[in-house]
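Inspection log for the structure reproduced underneath, given as structure tokens.
Chain nomenclature is as follows: A, B, C and D, assigned in order of appearance, with residue numbering initiated at 1 for each chain independently.
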Amino acid sequence: MPGQLKRDVQQANLLLARYGLVTLTWGNVSGIDRLKGRIVIKPSGVDYDVMTADDMVVVDLDGRVVDGHLRPSSDTPTHVELYKAFPNVGGIVHTHSTYATIFAQACREIPCLGTTHADHFSGPVPVTRFLTAEEVHAGYERETGKIIIERMAGLDPSSMPAVLVAGHAPFVWGKSAAEAVRNSLILERVAEMALGSFQLKPDVPAIPSHIQEKHYQRKHGPKAYYGQDKA
Amino acid sequence: MPGQLKRDVQQANLLLARYGLVTLTWGNVSGIDRLKGRIVIKPSGVDYDVMTADDMVVVDLDGRVVDGHLRPSSDTPTHVELYKAFPNVGGIVHTHSTYATIFAQACREIPCLGTTHADHFSGPVPVTRFLTAEEVHAGYERETGKIIIERMAGLDPSSMPAVLVAGHAPFVWGKSAAEAVRNSLILERVAEMALGSFQLKPDVPAIPSHIQEKHYQRKHGPKAYYGQDKA
Amino acid sequence: MPGQLKRDVQQANLLLARYGLVTLTWGNVSGIDRLKGRIVIKPSGVDYDVMTADDMVVVDLDGRVVDGHLRPSSDTPTHVELYKAFPNVGGIVHTHSTYATIFAQACREIPCLGTTHADHFSGPVPVTRFLTAEEVHAGYERETGKIIIERMAGLDPSSMPAVLVAGHAPFVWGKSAAEAVRNSLILERVAEMALGSFQLKPDVPAIPSHIQEKHYQRKHGPKAYYGQDKA
Amino acid sequence: MPGQLKRDVQQANLLLARYGLVTLTWGNVSGIDRLKGRIVIKPSGVDYDVMTADDMVVVDLDGRVVDGHLRPSSDTPTHVELYKAFPNVGGIVHTHSTYATIFAQACREIPCLGTTHADHFSGPVPVTRFLTAEEVHAGYERETGKIIIERMAGLDPSSMPAVLVAGHAPFVWGKSAAEAVRNSLILERVAEMALGSFQLKPDVPAIPSHIQEKHYQRKHGPKAYYGQDKA
């Protein structure tokens, strides 16, 4: 079981690189085994080219390494906080992908400007506040998790699987590590197209709510009819 | 005959991916056999990497599946409406390609800013209105076809083979599935260059009509002299 | 000799595709044998994937086909005019490359905003006027050559190997077909960076003339010291 | 030893091409052997495709060629000045990479808009002044080195490993040729994202200093905990 999860998480990390969402060793993917209370995460600063399933690091829900010969991603405490707060999340991704980071740096949420967005994100993709100096000092990565959770208050992590950390970059999640990677790619495309639409029309409004709702429901609602999986 | 059309439609779908016009399983291509009254279309939500000709779905002109082991694209009712309204169309493509979608999201038509545009599209590429809540409820995909047809009133689908659905993305067509894919690629390039020209000069005008007309005619008019096919 | 030139021109056409400067069958490269008075040019509308040296078309200085089994590029009369007016030019390229075309569509010359530009183009890259309806009627492609020549009055085609045709796209040249292709790539990069600099600072001025001059001379002047060829 | 350094410098030059930071023969990487007082640098104007370790040129700290069959990069005197002024630098890179050059052409420093920047550059990436006509005449490349050093006054080359030469392009350095290339790639991504954030919000401020400091220290400070190398 941990062997399978290690392979899944390694494959998801490679997919992140293949989708062009990472530069050098930036970015990390994790997955969780809820029954065992174990998180598998990418090691810190290791090249995607040489990363094997065996290099993945296993930590417990306090972020302590319980298996693996490498140091885990420095962002591990952020992942741990999110897994504890969002019980339905099975995989988490952090990248500095170009367009999502452009919005994070500008501290602007991504409004729902089209059906591509509505297909996957229910409402505008939110932005956190900045951490205070005290919070940075208290534990930078853990507190990053906490301001994400603070910002997600009132939002459902299942229908809003992404957040932009102000002045930093996105954290994205999903039911599995692979789905979290797909959501990261979708967020990147949505951000790129939103930037372009703002260039054409700086005050472009969100699409009508009845269209937002329709698109989200046809892919994710109880009567979803997109794809082959739903009957 | 359906075997050949299935292969043509599958190949056209693969070309869409090769041209970089789709992300994940987004986008779909169909083709029609007018004599038999059969439409062949991509299955819903299937990876381009693994899609075979045999996975293509055959529907009749009411959109009912008559052959195939998978569910057809969720956008099938839109394709059906367009085939019924545009008798000379042999293939239809829907993508969320980046630059065309940027214009669709901004609800801005693409004016003819250069000869690249004039070579392939006669006049500005139009944008539909938004569907009302009632229309969405009545049948989202079919009504999407209807507002495209409404917007194309007075335009010739042969010389204007593309439309932008407001807040959504382009639908593009052609004499065959392959030509519709080529037109999708051209639309994407034209949209990218229009966005750039607007950035340089926000009030850039359309090129003179005598140049628009000349370029369109030298590629598509009765005395066309571009390429090897026309004598 | 014509065999070698055909191979050179075919290779230069393939390089154009490899550099990402063309979409579908757009763009064309030609080369001239000044002694024989023969121009070798790409056939019209043929895929770069399947184009062989034998597909190249040979025309004389009146643009009449003297060898080849295909129709020459529809832009052949433009090439012919330029070869007749610019005696030191050995190769000509026409593309609709994205960024150069963005400037052509906005009818904006590309000022010398940096040393990348100064290394290769002496002064701003010029833009033609639009053809009149009478000129279009009289012979569109030949008159396109003539307005390029008109715009180049007072400029040296050796130190300004590119022009933007208003509302259309660039024509670029060089001592050979291969050099013309390299100049097309350089123009594209220069245009892309100029667009970006204008986005950062809309009134960005040209770099000081003493730096423009220095860069051009160190690559192209009589005492050039860039590269391995000059002693 | 020089053999190893030649291989390192050649590999670093190839990496520059693989990262998409160079066009044609633009750009150059050098490395230094401080004990022997020898600099190994790319030859001028040679294609990356055919460049071997044996083609690298060895110069002394006066820029005189002491080994090699080709002419060294025309920018060699700039490299020499920087190695003499910055004793901890082991490798230097010059490129005209697109986004860094866009900032250099606009004579705008790159402020720290996000943690990607803060992870690698301590403070805004600086821009030099323009060289005067007298300086250009006195020795263009050597004087380019001198204005970089002038601009770096009060800055630590170890924590600010990049500078933008006004109207020109970046020079970047590191502890080795390979690290200098990685820093060039990071600079390019940081510049691209800064341009995008400025498009979204023209007056976007730098991120709070306590976050800048935290990110720089966790990667580069005495208690760094990113990656596998630091214990």
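A few remarks follow.
Throughout what follows, contacts are C-beta pairs under 8 Å (C-beta built on N, C-alpha and C of every residue); 3 or more make two chains touch, one makes a residue touch a chain.
Computed from a predicted structure; not experimentally measured.
Number of steps on the shortest path from chain A to chain C, with steps defined by chain touch: 2. Looking at the partners of chain A and chain B together, they share no chain. Annotation: the chain C:chain D pair of sequence copies touches via predominantly different residues, less than half of the used numbers being shared. Inter-chain centre distance (chain B to chain C, centres taken as mean C-alpha positions): 32 Å. Chain B and chain D have centres, each the mean of its CA atoms, that are 46 Å apart. The set of chain A residues touching two or more other chains comprises 199. Shown are all chain pairs that touch, namely A-B, A-D, B-C, C-D. On the chain D side of its complex with chain A, the touching residues are 113-116, 182, 185-186, 189, 192-194, 196-197, 199-201, 204, 207-208, 210-211, 214, 218, 225-229. Contact residues on chain A toward chain D in their complex (touch as defined above): 23-26, 43-46, 70-71, 74, 96, 98-99, 101-108, 130-133, 136, 140, 166-169, 195, 198-199.
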